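Common to both upcoming complexes is chain A, partnered first by chain B, then by chain C.
This part shows the complex of A and B:
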């Protein structure tokens, strides 16, 4: 390490500026805004805890929270399981390995708006291929994202999110599987382990830290999800309350209704919930994650 | 390793191919619909292959809905973001990797913090900042920040710099080269793999960015592709053939970049566990 301290300061200066202007100031200002009424144009007015009480007693907020929890509970385990299976199968000597990996990764890099538009078309009530397929199988069609049941709407969107994100989780888990040495697998085979035992006793414990990280990352990304709902829910101003999620609610309150104080309070509320969820997962970590 | 039985191998391939088909069907359906004659997409059972093939759908979206303009905007914003992000992250990561100074550990802590903080919290004050500068409906809010670095890129490059031999720095320094010179004469050429990984990440996240253009750009002339595609349905009366043509135009550039650079991209994720 060099002693010339000022050089380090000069090189890191751009990021210091980024921190102060776009993180520290917004962080503090946003906290302040949660106690004010502000429409962006007139000076903020101090209202105390009113915004906090208001959003906590607002039914729409709790509905949106229910939806995002349901969304995460569907999305996180399913995506992780799907990614784990694909990674496990890809982590052996097979032809076309990199081709498969590339194909699974395609949705990850696809712009959300495009991916969402395609799925809206697949989910189309009358002419979508999914309902046509159901009809061929002599099942009754489903209204998917246009359904009157919130759990079908949110569930359909969770499926799209899995399509979009599974390849990403898979690549991470695959990287974790590189730590499994051939000797270990050989030794287990000598002892008569094969198939399921090999997977459950050798592979799974070794990749468990990576699987855990993937689950934490997907939980956070589920709570942060905005683009997918923006596209799939259609006209934001007209979304039924039962289908809302917190981020859409915050966006709508802030940039369509100009209630900056209320929106900020909700954003902070959501942040605390994400934090609590992550800490809870951290607690559960010891039960199943295996570290060397 | 023992060769698994042939039957097992078949099952493995079957599952992998099934997974690949599920991943690819939406793309196939997008391309197919985008080439259908208006009305042909609304038939039951659906026609999977367009007949006749209507290339003119692309012309309509490209010229009449002005996707040519959106594409140019997207290219402009993405290229500038890319240059800014790669250059600034390299400089900052270099400072963190090769110099010891007061507050260095604090910067690492703050970097983690910025990754934890949801954009919903910083979004409103940030909007206020740009509004105060009169920068609404310009590209400044999308571009300028990337010139100040980002936690993900700095972290990625810092990890890479730490794998490079430190002796090079010492030798050059003793010979009287100043740290800037050492940076761009020695370490930049050595860092091409990491720099290209970051470039690909930045390209994709900048190209796909939707929230910020949505907040900052009102004027249609300023729309980037995702924004143009989001509002396309209002322009073409929900014509699915045209919407899908718009989707293809939006996806294609990022797809091409990915196909050429996927090695960097996948390695970048595997080594840091994050995306931009």
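This part shows the complex of A and C:
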């Protein structure tokens, strides 16, 4: 037994090593940094709780938190619902099923820069197709990503993120749907279930663990969102306070202003918020997720 | 024993003589601004040079010329696109693994100086340079306490560029060096035309910039305002003169409509494509214009005289810096490189590349005779001498600029009034200046 344990340790050592070097150490080091002033060159200086107090009293942090919450509230349910509908439709016997699956998955593998460029044109104030449509409907054009209203800007960006992420969530939910046995569906049909009843009473409960997982992953990715904002808002140094999200603030502080302590404190603040949200989702899990 | 001593001493003397003779013949640099080191040792030194933007920005001839003159200095060139280099260098400094010498924007170098990353070059300059041979921009990276953290890679100044064809078609005389901002605005009004009758201009008289270099700061300086005060420790955005400048700047788009909006400007190169008659143009921009539109008929005059009667020529200066934790021999080799970079030979290579203007006066004069467009290069060279100024740069330049930019964008887009925006910028910028004092 002892010999087996010894070999197990040897085989897992490379993984453990990278875990310690690239995860555990940076994780703990960043916690230490929250109590220091570090400019990435000179040795860190202990400042106690100064960074925590500073970021909690910083107006831009709370603005960024408001934005990311609004972004999550739009993104998570809409993306999950969209992925669920797509998965349901593409799980049926329809012509060109594989083609449609590929089409809906394409945004996932499209680089952000290319996808963002397309969306920036769609949203363009003068030449965008959205404003062209509004003009046709005799409505005023909207300044989508350059609006003075934060909720229009963040909402527009949330739509882009849904476009990018729905394909991946669809694949996860589709995998769950393909596990539903034909016998169960047949039995339900024999009992008179069809259409909406079949979807609501059979399909949805069975794929609910997948939907739950999609929601957890989407929530975490929403709070982490960075690339989409970087691409859609352009120059990271010129993002208006009203449109900020935490990761842009963290990046700016850490790598542009060399305030690693403050940036680490904000990153830990964000970690606690994500943790709290995830725990809340976990608590609600039992109410609607079926594992049997 | 005595015989052994004689043999040993003879060998020692012979080796010493051989060593001295090698020093004198192989290592004495030929011509140029050679480093002032007496009998430099023949030993090989490794020097890592970082080139953001690669050879598009730094002429390869300079690197090759240096290599030919100083074969004992083994070069390791690290070239990368500008954005990649400047992103990576941050973590490389944190890991104590950057190149021995590289260049970035002046403000960034000043920030490095404040953090101790950049070596103070003032003793080297004092030792080896005749400062009167160079333009004042040589000391762009000098701090209030006399330390110098960088040597200019090149000067990138601004001038007023104009499309001759548009002027000729409208029978309007070309701009001149004594033009004022008011002259420029009045002419731009005449040149703005809606040629297809859709109610929107198709040719604009002027294209207003949205950045600090060619956008809001020259307009603020034109009314006697500025971003920071002379000590660079106090924000000056709410100075009535600064607000007046911001108002003139935003009015070109929102009130006078002589310039495309910020959003519209992103759809194409208006001046390059003959859709804007005038623009403030940095010297380096002539390279893509001459490459992509060689037939375009255009020229430059000096930046206009301000509303207050004074001229301001914005200058962007990238600076070479030496890493403070580099090995002493690498630092000395890096300074040897900078000495060569400031020599007539290297400064001529720099001029030929067109990427920026040299800092050495003789090379700067030679630029005026070069034949590529713009024909009137004195707009830049004499403009620098007369009224060249940097962009209120201090160690927190990037941080306060990032705080001000979004609000300035709002002012330019007409979403906020200059007074209201300036008030908010003032608070934010002052808070950053105070925090980093």
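Note that the second predicted complex is superposed on the first by the 279 of 292 C-alpha atoms of A that agree within 3 Å, B and C clash if a C-alpha of one lies under 4 Å from a C-alpha of the other, contacts with A are read in each partner's own complex, and residues count from 1 in each chain.
Rule of thumb we're sticking to: a residue touches a chain if its C-beta (ideal position, glycine included) is under 8 Å from a C-beta of that chain, and two chains touch if they have at least 3 such contacts.
Treat the numbers as computed from the prediction; the structure is a model and nothing was measured.
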item: Combined model on chain A where chain B meets chain C, clash or fit; value: clash
item: Partner chain in contact with A:12 - chain B first, chain C second, else both or neither; value: first
item: Residues of chain A touched, compared between chain B and chain C (which is higher); value: B
item: Partner chain in contact with A:127 - chain B first, chain C second, else both or neither; value: both
item: Contacts of A:216 with chain B and chain C, given as first, second, both or neither; value: neither
item: Touching partner for A:40 - first (chain B), second (chain C), both, neither; value: both
item: First, second, both or neither for A:109, with chain B first and chain C second; value: first
item: Partner chain in contact with A:237 - chain B first, chain C second, else both or neither; value: second
item: Which of chain B and chain C A:206 touches, first, second, both or neither; value: neither
item: First (chain B), second (chain C), both or neither touched by A:146; value: second
item: Touching partner for A:69 - first (chain B), second (chain C), both, neither; value: neither
item: Footprint overlap on chain A, comparing chain B with chain C; value: 40, 124, 126-127, 255
item: Interface residues, chain A side, partner chain B - complex; value: 1-12, 14-19, 21-23, 25-27, 29-30, 33, 40, 82, 85-86, 89-90, 92-94, 100-107, 109-115, 117-119, 121-122, 124, 126-127, 129, 132, 136, 163, 167-168, 171-172, 174-175, 182, 185-186, 189, 213, 217, 223-224, 226-227, 230-231, 247, 250-251, 254-255, 260, 263-264, 267-268, 270-271, 274
item: Interface residues, chain A side, partner chain C - complex; value: 39-42, 124-127, 143, 146, 148, 235, 237-241, 243, 252, 255-258
item: Residues of chain B that touch chain A when the two form their complex; value: 1-2, 4, 9, 12-13, 15-16, 19-20, 22-27, 29-30, 33, 41-46, 88, 91-92, 94-96, 98-102, 104, 107, 110-111, 113-114, 117-129, 131, 145, 147-150, 154, 169, 173, 179, 183, 204, 207-208, 210-211, 214-215, 225-227, 229-230, 240, 243-244, 246-247, 250-251, 254-255, 258-259, 262, 265-266, 269-271, 273-275
item: In the complex, chain C residues that touch chain A; value: 87, 90-91, 93-94, 111, 115-117, 263-264, 267, 398-399, 401-402, 405-407, 409-410, 413, 415
